[in-house]
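What follows is a set of notes on a single structure, which appears directly below.
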Amino acid sequence: MSAELAPETTAEAVPRGRAVRRALGRYLRHPGLSLGLFVLVLLSFVAIAAPWLAPHGPTEADLMNTLAHPSGDYVLGTDQYGRDILSRLIWGARISLEVALAVVALSLTFGSLIGAIAGYAGGWLERTMMMGNDILLAFPGFLLALALVAARGSSLENVILAVSIAYTPRVAAVMRSVVITIRPRPFIEASRAIGMSSSRVLLRHVLPNALPPVIVVTTVSAATAILAEAGLSFLGLGVQPPTATWGNIISDGQGFITSNPLISLSAGLCIAITVIALNLLGDGLRDTLDPQMRRYTGERML
Amino acid sequence: MSDGAVLAVRDLSTVFPSEAGPVTTVDGVSFSLGAGETLAVVGESGSGKTMTFLSVLRLVPPPGRVTGGEVLLEGADIAALPASEMRWIRGAGIAMVFQDPLTALNPVFTIGDQMLEVIRAHTAMSPRQARALALEVLERVHIPAPAKRIDDYPHQLSGGMRQRVLIAMAIALRPKVLIADEPTTALDVTVQAQILELLAELRSELGMGMVLITHDLGLVARYADRVAVMYAGRVVETSPIAQGFGRSRHPYTRSLFRSIPRLDLPADQPLTVIAGQPPDLARLPAGCAFEPRCFLGNGREDCRSERPALLPTTSDRHLSACPHWRALIDAEAGA
Amino acid sequence: MLRYTARRLLLMSITVIGMVTVVFFLLRAIPGDPASYMLGDYATEESVAALKAELGLDRPVWEQYLGFVKRALTGDLGTSVVTGQPAFDEVLESIPWSAALSVSGIVIAVLAGVPLGVMSAVRHGTFADLFIMFGALVGISFPVFWVGLVCILLLAHEVRLFPALGASSSTDFFTQVHHLMLPALVLGFSVAAYIARLTRSAMLEVLGQDFVRVARAMGVPERRIVYRLALRNALIPVLAVIGVTFAWSLGSAILVEAVFSRPGLGSMILKAVFARDYQLVQAGVFVLASAVVLVNTSLDIVYGWVDPRVSVS
Amino acid sequence: MRKTFGALALILSAALIGTSAGAAELRVRIGSDVGNLDPARIFGIENQTVASHVYNGLVKYDQATNKILPDLAESWSVSEDGTAYTFKLRDGVMFHKGYGQLTSDDVKFSLERVLNPDTKSRYAGQLAGVKGVEAPDPLTVRVVLEAPNAGLLNKLTDFNQGWIASRKAVTEIGDKQYAMQPVGTGPFVFDKWSPGNQVRVVANKDYFGGAPSLDAVTFRIIKDETAAAIALENGEIDVFFALQSPPVIDRLKKADGVTVMNRVANHTINLVLNQTVKPLDDIRVRKAIAYGINREALIAGYFKGTKAPGHSVITSSFPEYTEEVPQYAHDPEKAKALLKEAGQEGFELELITVGLSPYNELVIPMASDLEKVGIKTKITVLERGAYLQARGKGDIMTCITGIVGPPDPDSPLVSLYATKSFPPGMNTSRYDKADDLLASASAEQDPAKRTAIYQQVMSQTMEDVPVLPLYADQLFMAHSSKVKGLVQNSLFTVQAYTVSLEE
């Protein structure tokens, strides 16, 4: 007999269906958001269908055709082992999206939990947790990931873990700041007053309310994760060769940047397009999900 | 509409495009204001009170747009002025005091700095002269020890003090018209009275026309000479306070009155809440906007089909947009 | 203000200690044994054990930690296990390179990012806004090392405008600056993009606030409103993140240094990571962490000066 | 803001202090930073290159012919039983930086320092048979051996353990600190190391062989080869050392004013097959692997012809070189047949390599080839430390290695095939059938007979294939046209003593 008491956060009495339709419409009408979403869906398709889409195997070496320029057989040419660049890019999408997804899942779970607990608990617990969080936040994230990969060895799992650890504090900080703004709201007080347990209040009210801004932050984390993975691979600390990742492809191509620039250029573009799509999605979600950002923006000036 | 009006507005309209089509937030509003007169503008939130005066100042936030009407300041139409000249009217011709003194001052500048910014935007005064003027007006709004206060940051002042600073800023250039947009809603009750007294005092000292936008009907009777009631972007009734504010000639005004607690009535008399929702401006009915909630006209065919005009009732100075206003008087007489 | 500054400084030392602690324990978690790495293929188990004892690697981790903190407080960051030189000396050699790159990168970023962000906010919704924001999106989305590679390809290889190397053996100031320019621009570009986005949204938020409406209603010219009244408010969040971008730029600097073969703390740490030179990694991270905290603390103090609300509350 | 710029200027100027522009300064690209220039502990071609300018050995290799020539020793004699070598030192050789004249005591000190277990020198094994070093008078050194070792002079050449340091310098500077403050007798004096950036040595005007024509040599640390190539073309560096990337080699060959040099190195890069791990104990499986890997395509396709075929682990730069050994030309059918015969179709081969280029890259086409003959492959790339530990344990299936060193046949043969090279050490294949031959080669004083024994080792090991040479490394270097007199050696170092600069 508890949850039903909590009123809606907004007093709007618009019928639910209509509100959902309107919101959906708003998302889809947002050009950046829909473009970002479209690109990401496309990329996910490419990643999933890599075995069928890629004309060659990602590590299939053809020593008779090394550093080939684009041709019918090798659309984007080959690298120094005669591996098809296009196929490697297609397979690389898998790793990049895998890293992004896994990092998002991990940092979202742990970051939200840490932030929510800290924000909800308050007092010395919050202060201690947030001091630790701030320390990690102030630390250059990429350097932290680098140190962690160095500590745990270079593998896909470790890259994901390192990047997640490095970027969890960001989610935690956002989550906490959201929670402390919700904390004093009447429906929380009310739920407490009627004896709901803390964890229940947290789960039932705080999390759903905090989610929109946290989702926005996680799209940014996903973008950062892809960039971090590429950076680590570039330095030789990421996912180990011969696995096809976009970072590895850039790194492979670095030595051939003047003779076969297409290797590095195409992989860099793939990263950029994915990251742009994620950022567009993040910006779009921020515009549509977070009403705080949809403010009166002032007369056009000058 | 009298020729002696310091500010006269005719048929002012402002439209906002929206997903559901254009929304007319200010819909053919007309009123006039004499020098030294206080006009109270009342209505529920969203009724277009503030938007009307932002339209007068041409500060409607985009994508909103003033679509028509005249704004005569001392007889000159400022609605037609180019944007570059409009700036000179703001602050010097018509000044505005906003609702929340807590957010109306820039937190990272001293109040003196902000006042000087306004003064020097309109005059060629040296910083020293401008500062002297700022001190003078601060004195005028009864800020104690203004020489000390002028270098304070807003957060060092109380809410009431901040509102005085904003008023000082507004009157510094001796505007012809002062628009006070709910100047006391954000303040303590005790401070409210002081601020309103100050405004009244300044109005008579400086001979300004004053607009008091409020939803506090109690204030209207005490401080205003005339009242204009707005509903759904339209003025539905204007009347002199002397004509008896209680004797409203519009059902909406009546309902508004009954919905506020009053100390002069027995405590056990029930308060009436106005039935229904405030109107959706994007989907206004063809007829009277208040019809769906009206105790008088709900369901009446003429109310539904015809949009009523603002017309004189018992006197030339008391206008109502309800064709059935007589029914209200009958009911009174009957009671 | 004095109390505020003192509190900031106290917090700063706590943060430095915290960072160093985290990094110290992370590094101890590295599998693989530095002693046998150093001794190479012919080492015997005894000699490995002896070296471990010498390096203190045989003692419990917490004891190693206490020893490290104690020495660090006296300015001794240990001895590089590879070169036998004090780690601090090598760090000291790297600091000027890193500082020059990061500072010039941030300066470029602020000088480009803030005006572009303001322009974008002021022209909100126009083509100029769209153009700047697209540029900024590109800036934050392209991997910094890739941008560096492309710049080398285009500006050092195709058009020989800049040297391909981020450092020169020349002692000539202008030659060094010439070598610094491309890395600094590459580093600055990504940070500038971030700052421009932030400035824009901060500016848009400020321009939507009541006091801007008040200033408009009082007839203050738009130019004054934007560039004096609103800009200072908008710069507060920007200032707050410059500290973050500084930390961030130190991370990116590792990549930029790698692309441009430029010395610096980043490449030193990277080298030490590969060589498992614990002492050197520790020293480098200690100095980087201190730099981040120092910059953040100074910014906090400046913050207190720009935003009068902060130092009081 | 002004403060910021002030600080920036300060920082920039601080970065510039340290070097002064010399008149004739050679700028040499090296691929990574130096870290230890102590002869007893030195490792890596960058360190060795820098150190070779600072130090001398008792004897030296001729840069071009690899013949052993006098260096610090004017002459030497061998006792009849071959167990004592007596060296007569050159008189009046001065150590750098005022550390006095070179005496036999410095030689004794340097060699004993390598032998002393406390030094933990990785080269102690190189001097393994040395019983003692005697200094009967300041200019005479006697090296006494436990047993005759015809290869001793190779161990005392100007490389690694052969470099002579000053007792006074090492003692005064400190055993550990000496690593980056080397004091030798060579043609150049160590000047300054700017970590991550460059190392500078300046001319030793009093060099016993005559002052070098250069005033200074600056070794610039430039990791990326493309960037280094552009720098060479732009005149930012004069010598491009350790050139490896085929496209960069190709590009520099076409560039104006750039000369590309190449020479076969003293080492091959090898796939080591551990005979103690099943099914590699079966010679047919090892042979199948040898036939299965397309080494010709590796050289032609991946290396674009920049490497030479590896017939055995002894390359053509050795006097002992021969091609009269069992050969394994690419033959996938034969490989399949051998596997079938051994009943090992479809077993999984783990290819283990250190995470360094080109080792971690080579495995990729190799794996691809082996898959084609029906061997499943798994590539494991290990960090250096972990890799060495794994090799030290001795139970890893394979590894990829090259024995970089002087043109001393013992260097690759003993390291790769002698049982005493494990544990710890390089004999990861755990081969145990070459010990007797290697011992008799050591004892043999007649060079021709020795060569014959070594060639017998080569034939036998190529028949047993515990180690499959993938290719003979070839060293490339490029320099601008103003560099004159540069001679390329086969040691994988570069020596600037003979170089002069012409505008």
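Here the chain labels run A, B, C and D in written order, and each chain numbers its own residues starting at 1.
We adopt the following convention: a contact is a pair of C-beta atoms (placed from the backbone, for glycine too) under 8 Å apart; a residue touches a chain by one contact, two chains touch by 3 or more.
Computed from a predicted model, the values in this text were never measured in an experiment.
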- prompt: Among all the other chains, which ones are in touch with both chain C and chain D?
  reply: A
Message: Taking each chain's centre as the mean of its C-alpha atoms, which one lies nearest the mean of all protein C-alpha atoms here?
response: C
- request: Measure off the straight-line distance from the CA centroid of chain A to the CA centroid of chain D, and report it in whole Å.
  value: 46
- prompt: Where the centres are mean C-alpha positions, what is the separation of chain B from chain C, in Å?
  reply: 53
- request: Report, in whole Å, the distance between the mean C-alpha point of chain B and the mean C-alpha point of chain D.
  value: 89
Task: Specify, in ascending order, the residues of chain B that touch 2 or more different other chains.
output: 59
Statement: Where chain D touches two or more other chains at once, the residues are 224, 226, 230, 383, 386
Statement: Each of the following residues of chain C touches two or more other chains, namely 31, 152, 157, 216, 222, 258
Task: Enumerate the contact residues on chain B facing chain C in the complex.
output: 57, 59, 87-92, 95-96, 98, 100, 103-109, 114, 117-118, 121-122, 153, 155-156, 166, 169-170
Parts of chain C lying in touch with chain D, wherever the complex brings them together: 31-34, 36-37, 39-44, 46-47, 50-51, 79-80, 82-85, 90, 93-94, 96-97, 99-100, 103-104, 107, 152, 156-157, 160, 163-165, 167-173, 176-177, 180, 258-261, 263-264, 267-268, 271, 274-276
Task: Report the residues of chain C in contact with chain B in the complex, numbered from low to high.
output: 209-211, 213-222, 224, 228-229, 232-233, 236, 306-309, 312
- line: As the complex stands, chain A meets chain D at residues 59-67, 80-83, 153-154, 236, 240-242, 254-260
Complex contacts: residues of chain C adjacent to chain A: 14-15, 18-19, 22-23, 26-27, 29-31, 122-126, 137-138, 140-146, 149-150, 152-153, 157, 201, 204-205, 207-208, 212, 216, 222-223, 225-226, 243-244, 247-248, 250-252, 254-255, 258, 266, 269-270, 273, 281, 285, 288-289, 292-293, 296
